[in-house]
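Next up: the structures, one after another.
Two complexes, one shared chain (subunit A), two partners (subunit B, subunit C).
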Partner chain A sequence: MEQRLKELLDSSMKADSSKTRMGMIYAILAGPALGLALGLLGLMVGKAPFNLEYPTGGWAIVEVFQIPFALLAFVVFALCIGNWREIGRIWTSRIAWWTLFTGTGGFLGDICYACSVVLIGGAVAGPIGGLYGLVGAVIVSSLYKENIKRWSTLVGLVLTSIGIWIVLGGASLVSPTHGIYMLVGVLIIIGATLTWGMENFSIAAGTDLMAPETVLFYRLLFTLVIGSILLYVLFPVSRHMAALAFADPKLVTFGAVIGFSWIIWMLMGYYMGIAYAGGVRGGVLAGTFGFFFIAFFSMTIYNVPFSYTVIFGSILLFAGAALFVTEPKELLASKRN
Partner chain B sequence: MKPAFKYAVISALYQAEEEGLWEYEIYSLLKDKYEKAALCSLREDLVGFSTIGWLSVIAIREYQGTMLRKFRLQQRHKPFIEYHLSPEQVLASLGINDDPRVLVAMGRGE
Partner chain C sequence: MTQSDSLAAEENLVQEYLSVQKNYKLRRLAGVGSICVVLFILFAIIWANGWFDVVGNAGMGWVAAGIFTAVAAIGAVVLDLFWRKEA
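== the complex of A and B ==
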């Protein structure tokens, strides 16, 4: 009897760790969807009607197309899998306000990314933006006391820094702007990594007591409501932009592609990746893989000039991030104790 | 409006205090209150909670080739749960006012 229980316990432990691994695989597999979405966004910001205002045209794409279509796809998903009821139910307790925190972090990051991509292009904003995973990992590990101080982390950090340095070197070749504009663009995307890093942490904390889908729903809703109010009030030109954008069926189709593929990454790679594999593993993998594909697709299918330097730098970033999450023999189990 | 399923699970364990609850006790407590889509995730949720340190597994036992676990809410989380979830209110809104173990026993006809 004892022996039999031991076997069951072992197989249960294995199932737990395979769930962590599944979360990591989700985070990796969803990467190309993010590349497709945000690479296309990077292409569209330079074209009419989104070039009417500089550099907030990118923000207009986020609010006019990306978020509404993502929300639509998400609602269909929630209705199909049957847990849409849970979305309203979280408001019976105080902790539901945590979704506001998650939403605000994510929303500020999205705006920063969209504005930065106008200034420095998707090929550069992508790899740097992916660093939000590392920022999130550092916040999560310090607040949850997950130990990430290992030799592999240190090597990972060194590789990541070299990668960034190389990407920024290549940036001067592929960036649409130079000098002070490029510097501002880089500073804005660094701002995005910080706010997304906070989002990363708050997903990890919030999905403990709330289903990842419910947190994601409010993240989208807050981004849509707060972002639209700010955009249409503060930047009157964007009303005109929105009207022009919706009048063109081709643009609406592109917008739907952005929204739908972005939500695939958000749900599968980001929120479920973190809920399954934790803020450190899920966040880092979703970030670096997703954002690598933005750079890669931008330079291959979306017409940004190709640069081996950026690709090489991104691969180093990648390798650095991978070292962050390697821990073959340990389980996530009881790490937060 | 019903509280979220995860809130109900944690609230029941909060109420059970040091005793803890078996997985099937939690299930029988909540099975009439929630639809299948929510109940299906019970085991996964419980294992997840214990993986990230909200619950501890205090006993295990085998039943027809499946492992059953008994869970207890970790003491250090009590003040947080008390403030952020208001577990009494969560259980009251589900019509579970008493000690959940009594209700479970009643449900089993003991």
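== the complex of A and C ==
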């Protein structure tokens, strides 16, 4: 009997660790989807009609193309997995409301990203935006009392900071604007990392209670409703942009590519990654890998000048993130004993 | 209920959970697959109309990146299905 119980315990522990690893793989493999989507967004903000007013055009792409098509893709997904029945269940729990509220705040990050990309370009906004994973990890670990104070975390943070410093050095070469505009762009994307970091935590908390897809549906719906109202009321020129954009089938097709590939990352990398691997590992990996691909695709297929400095800085960011999510062997051993 | 009874009940629960999980993973594969199919249709429309000027001179390289993206995402679910069998 004792033996059987031990076996069950053992297999459950193994299953747990393989689920965590699977979540990390989800987060990594979904990365290119984010690069494809947000790199394209970075390219389109400079084109008509989104260049009518800066940086309103960035926000307009989010509300006109990215979110509506992502919501459409989500509906297709929910119908396939049969999860749409779960969507109403969220209103039965007060904690679910609260996590939904903080998760929805993540849409401010989307808007900040789109506006910042106008000022500093996808190649730079990408790697810095990816830092949201670290912000989320710090919030998750402090609220969940998860201990991340290890030597590897410290070295990881140092590497990450050096990586950012190098990326910013390369930024002066690839950024479309300089001086005060570039500084504002960097500050806006740092603002995005803070709201995304909160979203990261709320996904970690929310997916304990419900399927990750359920939270995502409301996150998209609220982003569409609240974001559109704010956009069209505050910036009248955006109405004109939306009308022009919808009249052009070419722009609509490319807009659909943004929405459909962005949702792949949101579902697989961000929400599934965190649901499987937790807020620290899933969040950090989804962030760094996804946002690395924004920089990489921007400089390879989206015509931003290629910069080895940005690539080198991003690799250091990676290494830092990898150290952040690994637990040293001796620590694991001592935990098991 | 004896201890062995409760252990058997627990094992049954684990088995049920595993079968539900597998079903769910298959459906997720179908879901991600359909999103990728739509993405491919969009690429086909862009390619048929020669609309590559939006992405500058990247052209087919851009489509290749799109295909790579879809394959990576589907690959993740396939890995989940076959590699993480024991769950």
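Basically, the second predicted complex is superposed on the first by the 319 of 337 C-alpha atoms of A that agree within 3 Å, B and C clash if a C-alpha of one lies under 4 Å from a C-alpha of the other, contacts with A are read in each partner's own complex, and residues count from 1 in each chain.
Here is the rule we use: contacts are C-beta pairs under 8 Å (C-beta built on N, C-alpha and C of every residue); 3 or more make two chains touch, one makes a residue touch a chain.
Worth saying up front: this structure is predicted, and the values here are computed from it rather than measured.
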(message) According to the stated criteria, A:L8 is in contact with first (subunit B), second (subunit C), both, or neither; which is it?
(response) both
(message) According to the stated criteria, A:K250 is in contact with first (subunit B), second (subunit C), both, or neither; which is it?
(response) second
(request) Determine, under the contact definition given at the top, whether A:M210 touches first (subunit B), second (subunit C), both, or neither. (result) first
(request) Go through the superposed model and pick first if A:I81 touches only subunit B, second if only subunit C, both, or neither. (result) both
(message) Tell me which touches more residues of subunit A here: subunit C or subunit B.
(response) C
(request) Answer with first, second, both or neither: which of subunit B and subunit C does A:L157 touch in the superposed model? (result) neither
(request) Figure out whether A:L230 sits in contact with subunit B (first) or subunit C (second), or with both, or with neither. (result) neither
(request) Using the superposition on chain A described above, determine whether A:R89 touches subunit B (first), subunit C (second), both, or neither. (result) first
(request) Once the two structures are superposed, pull the subunit A residues common to the subunit B and subunit C interfaces. (result) 1, 4-5, 8, 81-82
(request) Would you mind writing out the residues of subunit B in touch with subunit A in their complex? (result) 1-7, 10, 35-38, 41, 47, 49, 51-54, 60-62, 66-67, 83-86, 89-90, 93
(request) Would you pull the subunit A residues touching subunit B in the complex into a rising list? (result) 1, 4-5, 8-9, 12, 16, 81-83, 85-86, 88-95, 208-211, 214, 278, 332-334, 336-337
(request) Name, in rising order, each residue of subunit A that touches subunit C in their complex. (result) 1, 4-5, 8, 11, 14-15, 18-19, 22, 25-26, 29-33, 35-36, 40, 43-44, 47, 73, 76-78, 80-82, 250-251, 253-254, 256-257, 260-261, 263-264, 267-268, 297, 300-303
(message) Can you tell me which positions in subunit C touch subunit A when the two form their complex?
(response) 3-4, 7, 10-11, 14, 24, 27-28, 30-36, 38-39, 42-43, 45-46, 49, 51, 54-58, 61-62, 65-66, 68-70, 72-73, 75-77, 79-80, 83-84, 86-87
